[in-house]
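Next come two complexes built around chain A: one with chain B, the other with chain C.
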Partner chain A sequence: MSVRPLDHPPVPLRPDERALRLMAAIGLLPLLLVAAVVVVGILEPRFFGLMNLLNILRAASFLAIIAAGQMIVLISGGFDLSVGAVVALTSTVSASVMAALGAALPEAPATVIAVGLVAGLAVGAVVGLVNGACVVLLRVSPFMVTLGTMSIVGGLALLLTNGIPVYGLPEALVRDFGRALWFGVPASVFVAAAVVALVWLAQTRTVAGRHLHAIGGNPQAALVSGIATRRHLVGAYVASGLLAAVTGLVLTARVGSGQANLGGLDLTLQSIAAAVIAGTSLRGGVGRVERVAVAAVFLAIVTNAMNLLRVDSKLQLIVLGVVLVAAVAIDELAKRRQIRD
Partner chain B sequence: MTETPVPSTATVASPAAMPAAGSLVRRLGLPAALVVMVAAFTVAEPRMLAGDNLLNVVVQASYLTLFALAQVVVLLTRGFDLSLGTAVSTVSVFAALLLTGSFGGAAGTLAGIVGGLALAAAIGAVNGAVVAWLRVSPFVATLGMLNVCLGLASLLSDGRPVAGLPDTFTTLFYAAAPLGIPAPVLVALGVAGLLYALLHHTVFGRSLYLVGGNPRAAEVAGVPVRAVLVGAYALCSLLAGIGALLLTARTGTGEPNLGGTLTLESIAAAVVGGASLRGGAGGVGAAVLGALFVTVLANGMNLTRVDGNVQAIVLGCVIVAAVVADRLRTGGGR
Partner chain C sequence: MAVAPLPTAPAPVAPGTASAAPVLSLRGIVKCFPGVRALDGVSLDVRPGEVHVLLGENGAGKSTLINVIAGTFAADAGDYLIDGMPAGALTPQRARALGICPVFQEFSLAPNLTVEDNLFLGREPRRLGFLDRRAMRAEARRIIADLGFDLDPARTVATLSRAHQQMAEIAKALLAEPRVLILDEPTASLTESETEKLFGLIERLRAEGVAIIYVSHRMPEIRRLGDRITVLRDGRHVRTLPMAGVTEEALVELMTGRKVEVLFPHIQHRPGEAALELRGLTTADRSVQGADFVARRGEITGIAGLVGCGKSELVRAAYGLCPLEGGEVRLFGETFRHPSPARALRQGLCYFPSDRVAEGLALERPIRENASMAALDEAAIARGGVLRRAGERGLIQRTVERLALRPAHIERPVGALSGGNRQKVVLARGLVRDTQVFLFDEPTVGIDVGAKADLYAVLKELAEGGAAIVLVSSELPEVLHLSNRVYVMHRSRMIAELSGADLTEQAILSCFFAETGDGRTGREGVAS
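For the complex of A and B:
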């Protein structure tokens, strides 16, 4: 009886094979990103204007935070359609709390802001907890659960405010954070960088992060190897809810009022698009937050470039749709080539 | 002599092996809930059972039924169609442009109907091809198409409703009521009947269940899985296209934002009715019942003056409850 050797003899790669492997290794995205910047820079020099670059960074930072949360749930093999609604509810709840408390304690803006932030984060954590509990305990499809909570949470946000913006945020929050530049960069960029760094650490340096990948890749095997699948899954949804809440808080500070129409289904779909363009698998187990951040920047640049080049906003939608499908199709193709080798 | 182990068939769940009691609950659970709901709303507001309100409910439900039927076709194959809503908008605008175009008269009406349905089928075929050949997940493929159709709809119409539809069209698809039955109801019934025959008495229909239930087995059994997928998505969009024509006739204009919330409503109705996101389960009955349930719920809440935002919350709770109930009925396990 002979055992088949595990190692293949080295096979020389054809140039196109090598290119595909390289692409699969670093991802198509950085290349696309550079290409986009070069092309847009040549066509429209205003692209490199300081204000424009700051705008791109700001838009990318909002998307990167919420997409990082979406990625965590996608890695676990799930979905979170409720993130956009969480942004809306976070915005209205935290703004209402801060407006009410601010009227009572006009002398202590720091306390008011702290309580408002905690209230906002609590919203995200609770919604994430409900999502996770439904998925884990009732074993209901994540798509349907979060579709339901999306409707519930979005309805609550509108109900709370009757659709009217909530004013009366502490001046300091809007002036020193929401619309502020720290070291010449929008403050939200620092938040996004911190979130990406934290998620990266959790993914690569903690046991929980490893376990989450294992659960998404093969739930049965993860369970058999003694991983506390349920706790990790709930944790993934709570993380996604929390990061959606962070996005809601940052957006609220930027806009300067609590609004039930922040976020919404659009932002949810964008967060999924950013995660998926970054190579996160909808089948679970695969995803890297640094790529998600790059994808967020890429999407922000593409949108910004089309605005600068005066591409019809309707055509922009079509382009984004095609880019999304093409990115995933190419990714899938590269993977299949790799497997065949 | 050695015996070759025969794979046990006991572990393979088949509909016939379901316990009768479970099957009974499955069949009667939703209709019973529907009756209870109607009774409760009638107690709160007697107008619920008034003749004109009932007619209104049935007409409303027939539109949603068409979209839920469309969604069921792809749900059977473990997919879903997120582009349904914006495809409806695109078809509405495109058909309206043909209807009001230079053809005029009967030729124009025919061009609008045929052109609209052809565009619908083409949109679905593209979805199916991307899913089947490029192996892109249905979520991403139809999410991309959602964007493309959203752009197309407003590009074609310049963001404005296309007005001036010929009377023959609006009469045919909205005002006509042969035997006292409104046209939308007749169309929905006809489509439901045809789809039932297709799902249960054709090779294509049976293949849909097989592909959704166990794609690998379907492939091994010689089912042309890719062609079936393309057919499923094309059929889904075609049914949505029929619904788009009906809605266009009702509003009397081609509307670039006609689709709106239809995608999520259609998925909700199909799943509330008993279609499974895990494929292979559900059929015409699921779509019809689910659409009726969702429509009666909305109508009852409107009659009892429930706030629109509260309605959204209630619908969300119903969706979660429906999937939980489905999970409890079919037992645990993945």
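For the complex of A and C:
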């Protein structure tokens, strides 16, 4: 008997595999975005009207801010279901503070606005801190923790106002910011752009960002490498809470009153949808904020198009659900086909 | 001893000098996990400038010991001294700060980050509060070039082969300028030239006075590098002895506690018809490429290869656990289309996973349910979707007794069993139904010597009874002593089939170091 060397021809890539690899590299999103614009533009010329475009931008800016926070938590390997409720509580708390203070100090609107903003941001930070502390110290799953805080925070917002809108915001906030156009663009777009830029900087250029990615990618490796995983996890939830609070403040200024029904479960789900469509991994470690911003624009366009085309609102929910599942499924498929050398 | 020229520089010490004070001392270390005493009073001295080999079978406690040294696990009892001083409560961070740098087999790399990101993880250089990416790139290139590795610092770790991940892991440990370097089977997935570079590096570090704890099974490298050897068995310290003058047989005897020929039974192979045939098999993730393979009735067919070479994926694909891209699976001469575990079981093909906790067992459930899990469509256990509890109990009880699982209480939860008994429960699953082809994936990982001998006896019984047995194992002695024929896989490809007089440890090892890709097998000296 002798040794028999076995031969083995190399296996070439099939064309469909190449397509999938390319898709995995650039992401499906830019293609979807262009396709959506073209299709809607053909079906409904009003889509390109200035007012409509501004509406889309505004809606996208709200979503981009809250989804950026959601993405940070997803990268850490967690979940934040409480963001929508934080929007509601931020809105009612900041509006109540500004209304009460505005009555006492009618001649100092700048002070009133500043205190209101700080109060709103504090709400987000506190909720984020509680979320992070429960996840890290009590080791409860992020899903359950934030499901709980979602209920608590949403309940607080309703309790605070009995469900009645809080009026009496400083005129300047609503006129010069909430409903204002700066250089012809809604003011909220500038806020969103600043948030995206800051998060991008933190992700790619800071040690904390690098550590967060490592924790999401392999918690054990991060721990062994001497990273303070607990501090970073808490930080991720605080960041998410803060960005949800920013969304709440921008929405409050836009609406002109504090309302407990702003945000809610709907916005939470959209924030997860935008992050995941943008390729953020639900297993943690992967996510890019600039893609999340594009995904927010895409979702805003889809919603806007369905409104323009007078699609039944119930049908809209179904369409959004299908888009979400399809986007994630294609992402998964591309990943499963990934080849190691 | 020479006087140190500088107060901060470590005194140069000849390798393994007996007079050198140990940099690291363990005294009577005990570590328990639920159900097992992984370390039972282990003592160890590691001196600067020596390569201290840790030897022991799987499950002997080597990994637990290095995890204790690295600060990942806290010892339940015993003393841990560094430079003669108690180390106190040790965390991975503190251990690293003290210069204890482990290179684990389960890599401590974040798969989503690049090589350079991983190298600097936890100690990133910064400028003005931001990451200094230029400095990271330059330093990463310098250290990789210094090591002589062929590694691109900008690649994402998840896209690297296992060998390259291993290199990144080693580079990461050396970046910290270690005093004690722990290497856990560092050559397991390296090629010969990469191994050579690593050995050069180890010798250099030893000369610089670094203490090196080296875990390996491979005699040639132990012989080449080792200054002293500590043998562990079943969580106990057996003996520490100098490398010089030790024979391989003596070491095996210390490790297993019995002579080689007693551990491995003599098996009468009577190869019959082809039971499982694979032709040009390629998996979707390319972990197996164009593999041909035949397993016959009445013999044990081994598959040897380095970790990550695709040998597990090969049998998993035949069982329907890895999606196929091309090639054919044939069972008893007939094409087996679209393999799936359910269909494979009905056809008499059963796979026994290597990771019994993740893939094999429901730990909370009793032995009975675990053993019958794959046979609930058998008439003896269920009829018309209704369980026949008495039939199930009787069948499982008989099977468990045949496997010498003790105590044979079939209502005990599997989580309370030792590694060896868990393996028997998994094995029972294949015996409960009419199985003709047994696919074993690393069957002796994490089980003690006694359970190993029991398992080998069952393999012998099955093979001599006419079953076809496929044995995938990273333990060379096991494959060598039990198999009639051995296939060798390397980098996703089947590169050799050895039998008869060609079936030697040397022949298999030289296949491992073959540089494939150009069709050569790298064993010209061995082939006739």
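Some notes on this structure:
What we mean here is this: the second predicted complex is superposed on the first by the 322 of 341 C-alpha atoms of A that agree within 3 Å, B and C clash if a C-alpha of one lies under 4 Å from a C-alpha of the other, contacts with A are read in each partner's own complex, and residues count from 1 in each chain.
Operating definition for what follows: a residue touches a chain if its C-beta (ideal position, glycine included) is under 8 Å from a C-beta of that chain, and two chains touch if they have at least 3 such contacts.
Quantities reported herein were computed from a predicted structural model and do not represent experimental measurements.
In the overlay built on the shared chain, the residue A:A214 is in contact with chain C alone; chain B does not reach it.
Applying the stated contact rule after C-alpha superposition, one finds that A:T111 touches neither chain B nor chain C.
Once the two complexes are overlaid on the shared chain, A:M150 sits against chain B while remaining clear of chain C. Applying the stated contact rule after C-alpha superposition, one finds that A:L138 touches chain B and leaves chain C untouched. When the two complexes are overlaid on their common chain A, residue A:R205 makes contact with chain C while staying clear of chain B.
Under the contact criterion defined above, the residues of chain A that touch both chain B in one complex and chain C in the other are 336. On the side of chain B, the complex with chain A involves touching residues 80, 130, 134-137, 139-141, 143-148, 150-152, 154-155, 159, 264, 267-268, 271, 277-278, 307, 309-313, 315-320, 322-324, 327, 332, 334. By the touch criterion stated above, chain A contacts chain B in their complex at residues 79, 134, 138-141, 143-145, 147-156, 158-159, 219, 269, 272-273, 276, 282-283, 312, 314-318, 320-322, 324-325, 328-329, 332-333, 336. Contact residues of chain A toward chain C in the complex are 1-11, 205-207, 210-211, 213-214, 216-218, 220-227, 281, 285-286, 336-341.
Of all residues in chain C, those touching chain A in their complex are 70, 72, 92-93, 96-97, 102, 104, 107-113, 117-118, 121-124, 126, 129-131, 133, 158-161, 282, 284-287, 289-292, 325-326, 493-502, 507, 519, 521, 523, 526-528.
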